[in-house]
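Next come two complexes built around chain A: one with chain B, the other with chain C.
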Partner chain A sequence: MFQNRMEALALALPAALFAAFVFLVPVFILLSEGFRAEGAWTLAPYVDFFDSELNRTVFWRTLKLGAIVTAVSAVIGYATAWSIVTLPPTARGRMIGLVVMPLMISPVARTYAWIVILGRTGFVNQTLVGLGIADSPIRFLFTETAVFIGLLQLFLPLMILSLISALENMPKDAVPAARVLGANWLQVFFKVILPLTKEGLVIGGTLVFTGSLTAYITPAILGGSKVLMLETLLYQRVTVANDFASASIIAMILMVMSFSANLLLKRLATARNKR
Partner chain B sequence: MSSRLFSYATLSVVLLFLLGPFVIIVAAALSAGETLAFPPQGLSLKWVIKVFEVESFRASFALSMFLAIFGTLAALVLGVPVAYAASRYKLPFGETIRTIVSAPIIVPGIIVGLALLRYLVLPLDVSVGLALFIAHTALILPYAVRVVSASLDNLRSDIEEAAVLLGSSRIATFFRIVLPNIQNGILAAFILGFVTSFNQVPVSLFLSGPGVRTLPIDMIWYMEITYDPSVAALAALLAFLSISIVFLAERFLGFSRYV
Partner chain C sequence: MLKTFLASTVALAALTGAATAQDKKLVISVYGFAQDEFKEIVYDPFEAQCGCELVVETGNSVERLAKLEARKDDPEIDMAVMSTHDALAAARAEITQKIDVSRLSNYDKLYDIAKDPVGDNMGVGYTFYATSIAYRADEVTIESWEDLFQDKLKGRVAFPNVTTNQGPPALYMLGQAMGDDAASLEAPINKVAENKDDIVTFYVRSSQVAQLMQQEEILAAPIGRFAWGAYSKMGLDMAWATPKEGQTGGMNVMVLTKGAKNEDLAYDFMDFWLSTEIQTKLAEALVDSPANAEVEVADEIAENLTYGAETVKNLKLLPPDVILDNRDQWLDLWNEKVGQ
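Right after this comes the complex of A and B.
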């Protein structure tokens, strides 16, 4: 450990100044714009924003889809993580590799795949029409379901990974002990596994939830202008309507959500380190 | 036993859901048909070849490569000293500085892009290309600091202290002792930064100008105007590129130790 404080500052300052001036300052100015109307500080733009039914619909839809994606990925995540953790070490490593792989692929490519699958002439529709189940192609694209599927595929690996590490840190004999003492699997899950892996669930949940709220590509490609989410609404406000006031309000909403989730994560992380 | 069966069933369904779409993209990319379809109508490499012939793909690929390589290098040049100062010195305002340099990871990308467009590109007449470079550097900075910090924490600091006590200057100590020992961490940070920047969309969304468009943005534009399988071919190529980079990194560096 070196003691020279000036030397340390000199090393750290370039990056801090860079991040502050080209990044934080513009973002702060942008966010403050939502509190200004005709040169004065006010909350009126926020009131106006939530006055519009479209904006309210988009706001609740974003929250709702975020919550559903998080809940579903938690359920699938537990089943998958448990299945992986109980595998022998080599197979476990390979499975984790396969789960991580989609994270390396461009989200554009991953989302685009769903067009090939869910599109009018896509795989699902060809099968349905071919088997005579449907008379004509069903519209899957530009529905909330399509956005849900896309987001789930995008963020499920994050949930699985954090549940795997939570399950691995669980005491090895907790589950067999509960089983021997006569608990059924439902009781084992709610009374043993869930309490012992709560932190992993919260970490995974935060990542999935904020990821879903702030994803752009998936709602843009699979939802289009029919299923607007906060991010796609922001883009549309700027490019179509040149409405920077609304854009800055949406930006603020996204920031607050993302920031609170990260704060929660940080809290949990420090709480764990103290123990 | 039924729990074994449950495990295998779960894993097959989940892997099918996570990786199946990728298989379908590859199949669609190899189609001989004129429109996007699965199963493919005959096999052909024509859409893969078409990818290399589309002028705008070449230009946007070059831009994305430039941003990924030089944006990551710039982030490392800024980030390595911060990581070093934080781990080896009593850094004044350490917590504040760490928060500032890691802030870009928390702010949704679309906000960064819009903020830079509004308050850098438009009023100061900065070029879109420079704004993109700044945005990508800022975005990668948190990853660079985090990964390099992790590898500095794994390196015992007493050898540096010994070198300094024996009269080596701080700078010489850094370049002769610290740097060679953390080079794998730096390489891992480079790869993570490269992949993050290359696949990045929301930050670049507003920062496009005539002839200045990153590859993912170009793909989104292209798929809005045509329905041919060349985007599938491009998506498949990019996926292979990302996977092989990460696979090689894992093989030779043990990438996952740092991330």
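Right after this comes the complex of A and C.
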């Protein structure tokens, strides 16, 4: 397309310089804070960070909730996406519209709605008590359960949409062929659907996991300070303790977790492929 | 020639214009809350009176303190308002300077506790608030800070996080109720830790408590009096506790930046804000409780404020140096015991 490589590079240069100066350099400065103590380069701040029991608890909780939300949204996502792609085109369009709709509502509004729904006098508790399942209202708010429900609702649409596009790209006769050859539904899913849609799962999984790690509003409102996550801890370190060094450590941990999750999911996908 | 002359005239005019505007500009740094009311009651009338431009910067205390510190050698902000302990931190960091109270004509009208709350005249109090327990009178009775942990309130009470301005004073009063008033707050923090599963949440914003109360999620919580307005309008049987150990609270002060470029204007502005007229208007708008003892308001307004010599006299405020010197240890102890 270009007469020579130099021309192409020259055209890319302004954008590259812009990205370097307004993104990479500040990010480097911010993250390097965590590797410096008393003017020297060191890993000590990270050791100190993980030395604190609170920080470890928050780290594991963030990882655990992120993994559970991703896993559950994958299960629900496959079932939903499969039922949507098998619909006739008009109905499919409508259903996709319904899946997308929550994404158009502000996360703040969606999360506040959960405060009402999950409250003592909310819909869930009224139903549970009304049906005799619970004697008295159960406390959901400010628990890990509430944060899990909030995050799942927040990110499930992203998983469903990624899986819908993956399932749509799957050859139409792959599933009937497997069935004709005698595979049961479990085999069809694990040997045909999953390998053929793994790209969608990797994209959806990365979006959901990264989103769950870095969500601030939902854990802040539904979990509060009793269910601190890395993101809410980061906010606390900056706004309360004015401790930018810890904040940059948390930012670094979040970045590493996101990249690792993406790599891990990709690795899992290729591993299945080779088999 | 004519062209050059015209050009230089324009340039000169522009320069002098800029210089006058610069002379008559006051930069202040304030909390982000109730800015519409402040604009109407304080900023606009002051601008009209001084014929100057008022630049208002807002943000939370940490952001604003960080900014003041960053511009220490060349301050752009002339005066700021903050809590007494932040003002003490600023004074220790040599960001602020002593206020010459003789230049404030309204100074003598202030309640005694507002006159020099930081020490060395490093800040002048312009408002304060009581902190006590808001509770559902039809469900529970609260006569002591320890009543927060009564059986009826298990799973139905919220407590301020130690990181909020209400947290340490509430813990301090809890300590008093337990017969321990050590500045380490160890006893009350342990007490909260023992009961943490029965506390619905450790709130960070007062608006959050109002919502939980409205939803009947909680029946009691220690709150600042400035938030009381929302509770009295809920249509629930809400009451403001007067615990036997007393009420606590906090105070906000005005500080003058060291090396402020518009010191005269800053003094004029502080004096204006402390005047009986402005303090009355702010009280009537339920924005700030008056620190000016001459302010008189109607009973239904007074009910929503921390108002009157008697109330003010009985406030047990944590001294700013106690807060500042212990804050980090409180946070560590809290995180260790309560935050897990």
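By our rule, the second predicted complex is superposed on the first by the 221 of 275 C-alpha atoms of A that agree within 3 Å, B and C clash if a C-alpha of one lies under 4 Å from a C-alpha of the other, contacts with A are read in each partner's own complex, and residues count from 1 in each chain.
Rule of thumb we're sticking to: a contact is a pair of C-beta atoms (placed from the backbone, for glycine too) under 8 Å apart; a residue touches a chain by one contact, two chains touch by 3 or more.
Small disclaimer: the values here were computed from a predicted structure and weren't measured.
More residues of chain A lie in contact with B than with the other chain of the pair chain B and chain C. Of the two partner chains placed by superposition, chain B and chain C are both touched by A:I115. Contacts of A:L54 after superposition on the shared chain: chain C is touched, whereas chain B is not.
Contact with neither chain B nor chain C is seen for A:A71 once the two complexes are overlaid on the shared chain. Look at A:Q153: by the touch rule set out above, it reaches chain B but stays clear of chain C.
In the superposition on chain A, A:N262 makes contact with chain B only, not with chain C.
Once chain A of one complex is fitted onto chain A of the other, the partner contacts of A:A134 are absent, as it touches neither chain B nor chain C. Contacts of A:A16 after superposition: chain B is touched, whereas chain C is not reached.
By the document's definition of touching, of the two partners only chain B reaches A:M95; chain C does not. Residues 115-116, 119, 121-122, 238 of chain A lie in contact with chain B in one complex and with chain C in the other. Remark: chain B residues 3, 6-8, 10-11, 14-15, 17-19, 21-22, 24-25, 28, 35-39, 78-79, 81-82, 84-86, 88-93, 97, 100-101, 103-104, 106-112, 114-116, 118-120, 134, 137-138, 141, 145, 157, 161, 164, 170, 195, 198-199, 201-202, 205-206, 216, 219-220, 223, 231-232, 235-236, 238-239, 242-243, 245-246 touch chain A in the complex. Remark: chain A residues 1-5, 7-9, 11-12, 14-16, 18-20, 22-27, 29-31, 76, 79-80, 82-84, 86-87, 95, 98-99, 101-102, 104-110, 112-117, 119, 121-123, 126, 152-153, 156-157, 160, 214, 216-217, 220-221, 231, 234-235, 238, 244, 247, 251, 254-255, 258-259, 262 touch chain B in the complex. Listing the residues of chain C that touch chain A in their complex gives 60, 62-63, 65-66, 155, 161, 163, 196, 200-204, 208, 211, 215-217, 328, 331, 335-336, 339-340. Remark: chain A residues 52-54, 57, 115-116, 119-122, 139, 141-142, 224-226, 228, 236, 238-242 touch chain C in the complex.
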